[in-house]
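Paired with chain B in one complex and with chain C in the other, chain A is shared by the two complexes that follow.
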Partner chain A sequence: MSEEPRRALRGISGALGLALVSSLLAGCGSGDGAEPVRFTFSKREAIPYMTQVVADYNASQDDVRVELDTSGVDVVSASFVRGNPPDLMLANYNMEVARFVDRCTLSDLGDTAAAARIRPDLQPLMDQYGTCDGRTSALPYSVMAASVIYDKAVFAEHDLEVPQTWSELLEVADTLEAAGVTPFYGTFKDDWTVAQGWFDYAVGGQVDTLDFFHRLDAEGADVGPRSDVSFEKDFSRPLEQMTQLAQYTNDDAASRGYGDGNLAFAQGQAAMYLQGPWAFSEIAKTAPDLDLGTFPLPMTEDPADLKVRVNVDLAAIVPEGSRHQEAARDFLEYLYRPEIIEAYNESQLGYTPTTDAPPPSDPRLAGMTEYYDEGRVYQGASVLVPKTIPVMAYTQGIAFGADVDATMRTLDTDWARLARRQ
Partner chain B sequence: MATLTAPTARRPRTAAARPLRPSRERWSRSGTLLLLLCSVTVLLPLYVTVSMAFKTTGQAVDGNAFSLPAPFDVQGFVQAWQLTEFPVGLAVSVLVTAGTVAATILLAAVASFAIMRNWERRLFRWSFFYLLGAMFIPFPVVALPQIQLTGRLGLDNPVGVIVLATMFQLSFSVLLFTAFLRSIPLELEESARIDGATTWQTFWRLIFPLLAPMSATVGIFAFLYAWNDFMMPSLIISDPDLQTLPVRQQLFQTQFSNNYNVSFASYLMAMAPAIVAYLFTQRWVMEGVTQGAVKG
Partner chain C sequence: MSLLTTTAVPAPAAARPAPRGTRRTEPIYYLFLLPSLVLFTLAIPVPAIVGIFFSFTNSVGIGDWDFVGLTNYAVAFTDPAILRSYLFTFGFSLVTVVLVNVVAFLLAVGLTSRIRLKVGLRAVFVIPMVVSGIIIAYVFNFLFSNSLPAAGQAVGIPFLETSLLANPDLAWLAIVVVTAWQAVPGTLLIYIAGLLAIPGDVYEAAEIDGATRSQRLARITLPLMAGYVVINVILGFKNFLNAYDIIVGLTNGGPGTATRSIAMTIITGFNGGDYAYQMANATIFFVVTVLIAFLQLSVTRGRNSL
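Take a look at the complex of A and B:
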């Protein structure tokens, strides 16, 4: 028995020694002279593509060596705290990333050649999340457009045209329902699908979200029943229409999630589906040959009001804390080369945000291209509300039958309270 | 401890008291039913995990979790292996876990011994409360300063995770060890002293071996914590190449896409060592606990 503790001790010291050695090895791994650039990218579906791009770039020159980091957004936040942020990021542009913008921790990319090629009308959308005076903190890399996905075969079978106005939409839904086809597939169990699809499309289809949130910001803590602009005043009408549309869903919509929706839609259980292009690859897992199309959800009687929802799926960022600014910019320019950025967006069903890029050739996106080209786009209202306010849960409540006015009043109070605190 | 030993300890006793009663069968029927239910709650998810891992992507999303894989497909394993760089992730995870388990057992045992044998001194008593106090501090609360601190000290790597995990595991482990130490009679130590042993020798030769059953329990808790922990390694380790398995697997959980076959293949590979280790140490714990019970 006296041998046992000694053996244990040996084991322990061995383990600790190993730990020490491995950390030392990791510290001096980069000794080949090239400047290392840590490049964060965590969009899973596109990792193989990006791995190839990085490999090609590393092979093309000897001065910079890019290391792909796929460990995700939490790790990145921690690295900012620690003071060793990545040198270059391609990240989903949202309120979370915008915090880095607001606090001016990202370097100015305005002088890069890539910045000069970005479509200028996308800038207001970028600024909606936050700005740092005089700086171009982030460059859009991939824009996702989302609208109603519809099954072309079902539409053809019932002799239906893509609706351009609200009354045409109701007509289409009525026709489908009369024929025994579920018009919309609802996945209300996942609150984000209500917020992303139903809520955002309904609001964006008739409210000028850019202008609305500008005025809402100006009101700040005064948002409420007496302010000129409020969720209650401006959103109640579209949301009443949304509840009207929600009547046309499958009976079990309340207990169906995103995964169920993709499967059901792939099996032809409904004619329309309020989801973004990310659902295409999921639907294709079950039905790769389904003939699908897209159209913006009409919310008014004027076809000129038709717009599609966009979000900046990826934006390029170079943190100020990076010690390899020049090298990171060199790789950034490489990423923005037309053949690379366009091939990326083509493969991910995204729109390339540069002025000279052609739209994606995928026929499923064709219904949205003219709107994107003309700049008839909006960003979803649900993503423009800070995460502290549970707007997704509120919209889910409305889909489940909660009172629209009461919910919007709650949202107003939340907004005012948050504005008062900040 | 008592709950751990209950099933094994009770059976021989009932058998001894009522050796040949036919009523034994009736008892075992309800008991079997209960155990069956319990095992189903474990086996069913395990079955889904295994069968999912061998499905094709198309079959994995078809909504029938319980169906058998047809066709049988190992593509999920191949993808999971490549996406997570499994061998590297496994090595780091093993390193972090082994380091945490070893350091926790060692430090907690030494600290508990010192505290229990000097209980009448205020410094030791208060240090016990100080250590216990850490139980009330969850990691997320102190995450921010810890990230900065480890970054400045060059501990933003697996070693830093071992240090922090040990620290968080220490309070509970000290609690277990001190409770167990109370049951070891002081006379045992006195006899060692009379034979001329120093404090250090008394601890290593006498007390630490006696603590073995509790060390096993502490070790299992530390193992499960370190092996499964996601948040701490994800925030503390800055080099993605040195990331642990759970963090690497985060890749599979996205809002917009389901790759059940790949993720379950990966989870299965990550679970396997834990299950194997648990099977072995569990046996050891059972032996150790009964051993300790007889002595106490």
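Take a look at the complex of A and C:
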């Protein structure tokens, strides 16, 4: 009676054990002897391009076999936690990656040929997301520049020039409004659009963000009403200007999101739109022939202060936990070949971060190229605040009418609390 | 697997030795328990213990970490963002649980009385329960952002012309309405079952004694339904404390941080690199909900016998 279940038990456990072992073995066997490299890349618009690059590379040699993994950021983060990171990543460079940099979990790429070709003035921007002593933890691959997008036809119709100063900007807005044209299209329902466009452009147009965050880091837990540098002291003025500009938006800005904004702007419902180049392809879905241009948002009376917002849209990273360091580096060098990196950036409207590369030829970006070439760029303040502080939500609150000074004081105390804790 | 079977199976048997082999438990029963036990342990207690452990460290989820004692807890108790999320979540849960139970009770009374199309109407009212929360939230998001303002403009009600979701003081109301819309059916079903279980002769007797319709509701239906009300309130409150998907779809915690629930705050620890700190928050939340559960149980133990 009791013998039968026991035998069944043994049978089941044996079968399960066998299944487990065989699945483990299957994981080890790679077959043809080429070294496998797991390469993660999840920028959706460019996956077809990257798939082609990987296929070409695999066909060109027999030693390394690259496998493209497009499963996304969260999966990659989790794989680090499990101690099984990808061999090579091409990923958005942001505060999320910063913790990998700060904890020295990324290998040094300083000795690669690609590293020698990177524009040196981009390094301070990379360092804003943390550093690991003596290491080049990541190499920029694609830099996106963002500023005001404007409808050239509307500007021409009302005889308007691209504004170079704050008062010229207000003049342009007043003229448009008087003519019954909405000057700016606001999409405040999506908090990131407020942070990326309104907040970052307003701050970056007059505050030296590089210097500001250096000093803020130095203050650490002391940031507050008595510190030399604080969000309240340095950001209140630009944000007051931002709220002033926000008056010039469509009446329903508070209930419009990014998708609504792209559609409305494509339909000519406003003259200016505070978005990045990623919006071009969305707008083109509705209005492929719209003649658009870009210009940095003027926040002061001095045209020399004009700058464009940039972000390192993609950076190349080889985690230290990878067991295929050499193979990963070989493919990395391949990715940085001029014809590949330049074609990539040309197709994605990005700027190539190597010293000898030409700017993207798209005329819609022409208004920003001179600033990028001269290094008159800044990284958005909203992405330089650690993600645990809900800065995007705060900026949305300001767009909805929350008090600027009070919000900035909240940001100060959040910053100090975080510094005390970490 | 073989390791698990050899260690896990004999252990319970050894803990309770069978008296002289006469009433020896069939080992196959333990085998039935095993899959659930393993899955449950791996999916709930183990991660919970790991999380509680890390709440005493400064881990960001990867790399080296050190013990920091109770620092995370000390900071969490004074963090206005966390305190505000507790205030919002409890206020929201209280209002929603009252609204849901009042609406569901009245609907249940209506749907169990002698009316036309009773069965069809019941089916209609239960539909929201089978649609996933995030889809409901996106549909209502569209209604609040586009349809309602358009309607407000057409009829000339200025209050409706701007989206409810964009109003920091009123956005929580929208969340209450949508959450209630989804939660009413489940509550309704329990109330209908309860009402159908009340024997008809009680009402007949009351009618003969001359009780009016409202007297019958207050003196017979309500007391006999007390147990069901308690169940619905407890289950509802517990669910609303975990509010997440509907808020994400409606306001994503906005405008500003006006509608951030506790669960949303905890989640930021994962993508914001603040793992240990939010684990401390999650541990506090766990203790709070356990306390509430005990409180409700002890209160209702007496009430159930009504």
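Following the convention adopted for this analysis, the second predicted complex is superposed on the first by the 394 of 422 C-alpha atoms of A that agree within 3 Å, B and C clash if a C-alpha of one lies under 4 Å from a C-alpha of the other, contacts with A are read in each partner's own complex, and residues count from 1 in each chain.
Note that in this section contacts are C-beta pairs under 8 Å (C-beta built on N, C-alpha and C of every residue); 3 or more make two chains touch, one makes a residue touch a chain.
This one's a predicted model, so the numbers in the text were calculated from it and none came from an experiment.
In the superposed pair of complexes, A:Glu282 makes contact with chain B only, with no contact to chain C.
Once the two complexes are laid over each other on the shared chain, residue contacts for A:Val162 go to neither chain B nor chain C. Once the two complexes are overlaid on the shared chain, A:Asp74 sits against chain B and chain C alike. By the touch criterion stated above, A:Arg420 is placed in contact with chain C alone, chain B being left untouched.
Residue contacts after overlaying the shared chain place A:Leu263 against chain B, while chain C stays out of touching range. By the touch criterion stated above, A:Asp191 is placed in contact with chain C alone, chain B being left untouched.
Once chain A of one complex is fitted onto chain A of the other, the partner contacts of A:Lys387 are limited to chain C, with no touch recorded for chain B.
When the shared chain is aligned, chain B comes close enough to touch A:Arg44, but chain C does not. When the shared chain is aligned, chain C comes close enough to touch A:Ala254, but chain B does not.
Once both structures are placed on chain A, chain A residues 2, 5-6, 8-9, 12, 16, 20, 74, 81 are touched by chain B and, in the other complex, by chain C.
The part of chain C that touches chain A in the complex is made up of residues 1-2, 5, 9, 24, 26-28, 31, 58, 60-64, 71-72, 75, 79-81, 144-146, 149, 162-163, 165-166, 168, 252-258, 260, 268-269, 271-274, 277. For chain B in complex with chain A, the touching residues are 57-58, 61-63, 83, 95, 98-99, 102-103, 105-106, 143-144, 147-148, 150-151, 156-159, 162, 204-205, 208-209, 212, 231, 234-243, 247-248, 250-252, 254-259. Per the touch definition, chain A reaches chain B in the complex via residues 1-2, 4-6, 8-9, 11-12, 15-16, 18-20, 22-23, 26, 42, 44-45, 47, 67, 69-72, 74-75, 78-79, 81-84, 192, 258-260, 262-263, 276, 278-279, 281-282, 285-286.
Chain A meets chain C in the complex at residues 2, 5-6, 8-9, 12-14, 16-17, 20, 74, 77, 80-81, 95-96, 98-100, 103-105, 188-189, 191, 252, 254-257, 386-388, 390, 393-394, 396-397, 400, 402, 407, 410, 413-414, 417, 420-422.
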